[in-house]
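Each of the next two complexes has chain A plus one more chain, namely chain B in the first and chain C in the second.
And then the complex of A and B:
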């Protein structure tokens, strides 16, 4: 592990245009095999991963994939003991599948019979079974017969060594998972969104949970060969978590997760084919991570930008409403239409530049006019709008005083918080309840700042 | 059989496992074990980036690189959880897989033709730790001994210094906040501790098995004790034992089957797992055995009371006595449990068998009267306070009668007839 090395040794040989084209169009047999297998994997894991993430079992799948290692090695040893060379992929994957399921059962057992929580149960199963796998792997390399060289490839993946028959098996399994997910769409949706409701309606929740984990185990097993067991869980979690930012409907989430999985697989396989020394598994995961970052920021359903814009809009609306109410109260007090800016400023804890900005916006919306010498005056529209605002505020104040026993001197703040979210329907109910229909007087003395 | 090198390996393993167990106790208590998992994975890109930036394998820069990435991992997980509204498990999974993938790619790109064994990432190289020596106070000792020993001391000092803060922040976040203990700050202190410890342990046990050292010993201790300082002590003992048993197992057990021995770090994880299994089964307060025995004791008590209740009611209706077999069928009990219940009833002299027919003794009748009285008083009570179908009254009362103490029975009132019209029997005072 000792070396002296400089940055200049790190260089990436870029492919020529022809090479790139050949890979992109899948002209090479080897690339075709890998790309096909990886894309099938991306599709299946995107689909089942959606339900896995919605069910909040993301890291259980991580433990499952780590737990497959001893299974692979034991299957290998058994096959060698029976006289084979232990190379049968189906045999190895069966071992992986069995141990993956054992891992999940152990997690459930620890969680339900001890006071340890999910996190510790997952950590224990993951690390101990992986440790067991490492020990067995060393033993397997000591076996005189059999070829154990390929076993450690399952840890970080070894897509390059895939052959056509492997791909056919992977595609078959992936299609099986995809179709099962499609068929169980309604059942899994119930499981993920309201399991207790489902079980009260007679859905077999435990069975569905088991089926979900079995399908996850199948996907993990397919992923072993391409991305390896350490990173297998990434393909399950990341496309699903990314698609959540684009939509809140399960159906669309499934479709977009499948597309993200598919694209990441294809791009990853292509990149690793054209750039030397880029392992397939990690690059696929990195590409998934890139999609996730994009979705996190730009997602049209709940991306950070979208929510930020919404928050700014809401804040502006609230500020505007504050201004209108402050002016209305001043008109009431002063019995004059023209309001000097400095009095508005004194009404709440806001700065002059803030007030100026809000006044400007209100002016653009046609709620008020500047009447020279830093005086403002309501327009017709502003007058009616501010009346409505003040009504909401005071209705709510009266309600709080009458029904929640809040002192009149404290009620202003509480009403301030809620007035912005009072819908038409709620206002009508308040009117009915309080039998008020014209503008009402404030139940507490006005004036001063934030009285 | 064990050479001095083996003892060195055990000592280094024990230091490493103990250093990990200290922050591990906090991770387990705070239900953040998987943050330990995530951070230990991201040590890899940290080391790789440090290597790329400095161009050397200087341990200090690798330490810094790994610590920075470790703390960034915690920040990223928090940010994705908060701003993306992604559930904590998924956000941990996203962050550590992407960073680990980055680490793998960097290693392949930069270190491919350098001697950086990918296996080392998996399980470290504790077997060869002895051969890289450094001087300590004039003595030549293995370098990992110094690294892991220092880590253990630093972690111990931190835990002692912030004992109260960590404890309060782990058990009651809200209280900690209100008392000005700044749980957020403690969170990041713990995350930094975890990252630094993971780097120190990386060379000995690799990137993934370090998770076992973080989580398994504290989890084992958590099953055995309820006090925090005891938890630390037990976790340290388990950590040292896993190192000893792990290495011993690694160099002896495979020989029995004709192999040459196996990986010590993997065997340490397995040993820790076996110790956990032992605690899981045998823990005096939370173990599986205790759990099952307690369950059987409760079931036996209920069955005994049911037998007495049935016999009493048969006498009340002046029905013929039953054979043991029929009684078992009537109660739909399994054979073994029923036999045990009957045996304990006979030995305590509550029932006697007359040519196989089961009868109450005077003593048994008194106990049975009390049970039936409780049952019927409950029916009266339930009927009065929670009016329902009279048939269901019986079921509810059948459950409640087994958990009613004498004091509760007195509070249930003095009704003379239950809602079905049967008389509520009186317990004879003696």
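And then the complex of A and C:
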């Protein structure tokens, strides 16, 4: 858009700082049109996409977007037949919308009249209607009148051809979808979480499902021009799926999906504006993909990194507990405060380096001191901590022996405060049992392997 | 039963004041009928249980009553009016497995859903509704877990959240689908407590149940079902070895087990 290129020119020209700034600040009229449109699209698709994903209908949306192709071409043919040039965007998009809806209806029809499952029904409708669209497209290019050149642009999107009036329409529709999603927050939440309960409460589930799919259809239709029908579903799914890694609340999921969609749209449009001949749609989708990767790894709710950290932490905690327990038992057995390392090593199946590492950590936490010649000794803190831990552990074991046949799901040996799980009354009873049976030691032989 | 007799029964036995009255209801999935000619009134203010072998149509009975599955024939009245007009009077605890517990919501969020129909279309959740939801959680002993993600709750805790959601609806009639299925002792106690509370408040509770052993202990009224109603009435009168054999007949192991349990129950009383 800024420099001119010949066909043989295959270099990717990097923009100057000035150009970049002009684009980023939307000073360029053409860019402004595209960026605004795409941002509105990202916002709307992030919002409705959240409910789409929660309703587990993401693939239905993919079939919907592929089904729009025959609609576009048929609308074009009708407009040409009526004597126009078939260029009216509103006309084409209406055709797309109608066929998108027909696609969804076909899926529902196949699912409810046959034994086929959703995935098969979706695959059939998606491929057949898309195939039909491609065939019709071929016919349309052979039409003597009308200009069908732009039609194939809907397959992969062609943001550069957008004009201001297109943007206004896109922004208007996107706002409509965003506001509808906000207003129907409660209703969509019930629909996605527990439809049959919702139905018992009088929510019209079928109607809500229809409204959800209609809103998705609107978003798909406005995505046609920019991202194209093949990739439209990415904008619906990826922001929503990414935001799930950051939060466990529908409300916050909506907000972050909207932000991710908005940012992806903005960045994608800017990148494709400053680097000539980079297609807008695929760039937006790739930026979405980048967000997804980022969320998958760093997500604060269920990202891979967080889960890994949690696992390592849990492992360390268990190791430390094992050490404290082993030492406590050794102190009991030996009646000496100083415990040699090799005896700790013999307590369970762990390696010397493992024990050394755990002892070091326990030292840092102030639980024990090394008393020379590979001996260790509890500190005051370590003493009380290990006592508390061993008591809890033994209470759990008594609980398992006496009550677990009725309540195994209540066993949480990791719980620091057994009272929080079992209640004060139960703990008192367990303590009585522990004293009664004189199982002051462990209910099973000491020195046994991991229990 | 002949047609003429059925007509008579309908007019003489069914009352407009019964919380739930089911008239000649037949339900079929595809080609296979699962419930035949169910015809009974559920008495007001009682703890009612539906028992029967697997596939006897226990869940189907309550789902069909609430129009969640279509009826092949027959009709159901709630205090004399169709379900559509009486929805606000009926709360429902579905089976726990019917939802995806990975859904991004916390316990109080789920319970608040019990208030949604009282709030109405497009309006936001009010403070009052949050309060009611919190009270419902307290009644099932789950207030400490109000803001816990539902995926982090144990099975029994999830069941109690479902129960709290129904309590938040504050309806005079409550249907529960297998609330005792694979729950821990604490949850079982909490549910029984809630059942008795509901009874004291004069509400009618209908529970699909699978543990015959606890029927006399927990419930007043029993509906014994095996595709058709084998017997229904007060537990003391109807929950007999004979009726159990009719209900579970053919399933020999189950039958002997049931009889044994029944005998044990009889001895202990």
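Quick notes on this one:
The criterion applied here is as follows: the second predicted complex is superposed on the first by the 400 of 451 C-alpha atoms of A that agree within 3 Å, B and C clash if a C-alpha of one lies under 4 Å from a C-alpha of the other, contacts with A are read in each partner's own complex, and residues count from 1 in each chain.
Here is the rule we go by: a residue touches a chain if its C-beta (ideal position, glycine included) is under 8 Å from a C-beta of that chain, and two chains touch if they have at least 3 such contacts.
What you are looking at is a predicted structure, and each value in this text was computed from that prediction instead of being measured.
After superposition on chain A, the partners chain B and chain C collide with one another. Residue contacts after overlaying the shared chain place A:178 against neither chain B nor chain C.
Contact with chain B, but none with chain C, is seen for A:59 once the two complexes are overlaid on the shared chain.
With both structures placed on the common chain, the touch criterion links A:244 to chain B and to chain C.
In the superposition on chain A, contact is made by A:199 with chain C only, not with chain B. In the superposed pair of complexes, A:320 makes contact with neither chain B nor chain C.
Counting residues of chain A touched by each partner, chain B versus chain C, the larger count belongs to B.
In the overlay built on the shared chain, the residue A:191 is in contact with neither chain B nor chain C.
Using the contact criterion defined above for the overlaid structures, shared-chain residue A:135 touches chain B, although it does not reach chain C. Only one of the chain C stretches 95-103, 113-121, 149-157 or 221-229 carries C-alpha atoms that clash with chain B in the superposed arrangement, namely 221-229.
Residues 244 of chain A contact both chain B in one complex and chain C in the other. Every residue of chain B that touches chain A in the complex is listed here, in rising order: 28, 31-34, 36-37, 41, 51-52, 55-57, 80, 83-87, 89-94, 97-98, 100-102, 104-105, 108-112, 114-120, 122-123, 125, 208-209, 211-212, 214-216, 219, 222-223, 250, 254, 257, 259-263, 265-270, 272-273, 276, 280, 286, 288, 291. Residues 54, 183-184, 186-187, 189-190, 192-194, 196-203, 244, 247-250, 253, 403, 406-410 of chain A are the ones that touch chain C when the two sit in their complex. Within the complex, the chain A residues that touch chain B are 1-7, 9-10, 12, 53, 56-59, 62, 66, 110, 113-120, 122-124, 126-139, 142, 152, 155-156, 230-231, 233-234, 237-238, 240-241, 244-245, 277-279, 281-283, 285-286, 288-289, 292, 296, 302, 304. By the touch criterion stated above, chain C contacts chain A in their complex at residues 63, 66-68, 84, 87-88, 90, 92, 94, 98-100, 103-106, 109-110, 113, 116-117, 119, 121-125, 149, 151, 154-156, 165, 169, 184-186.
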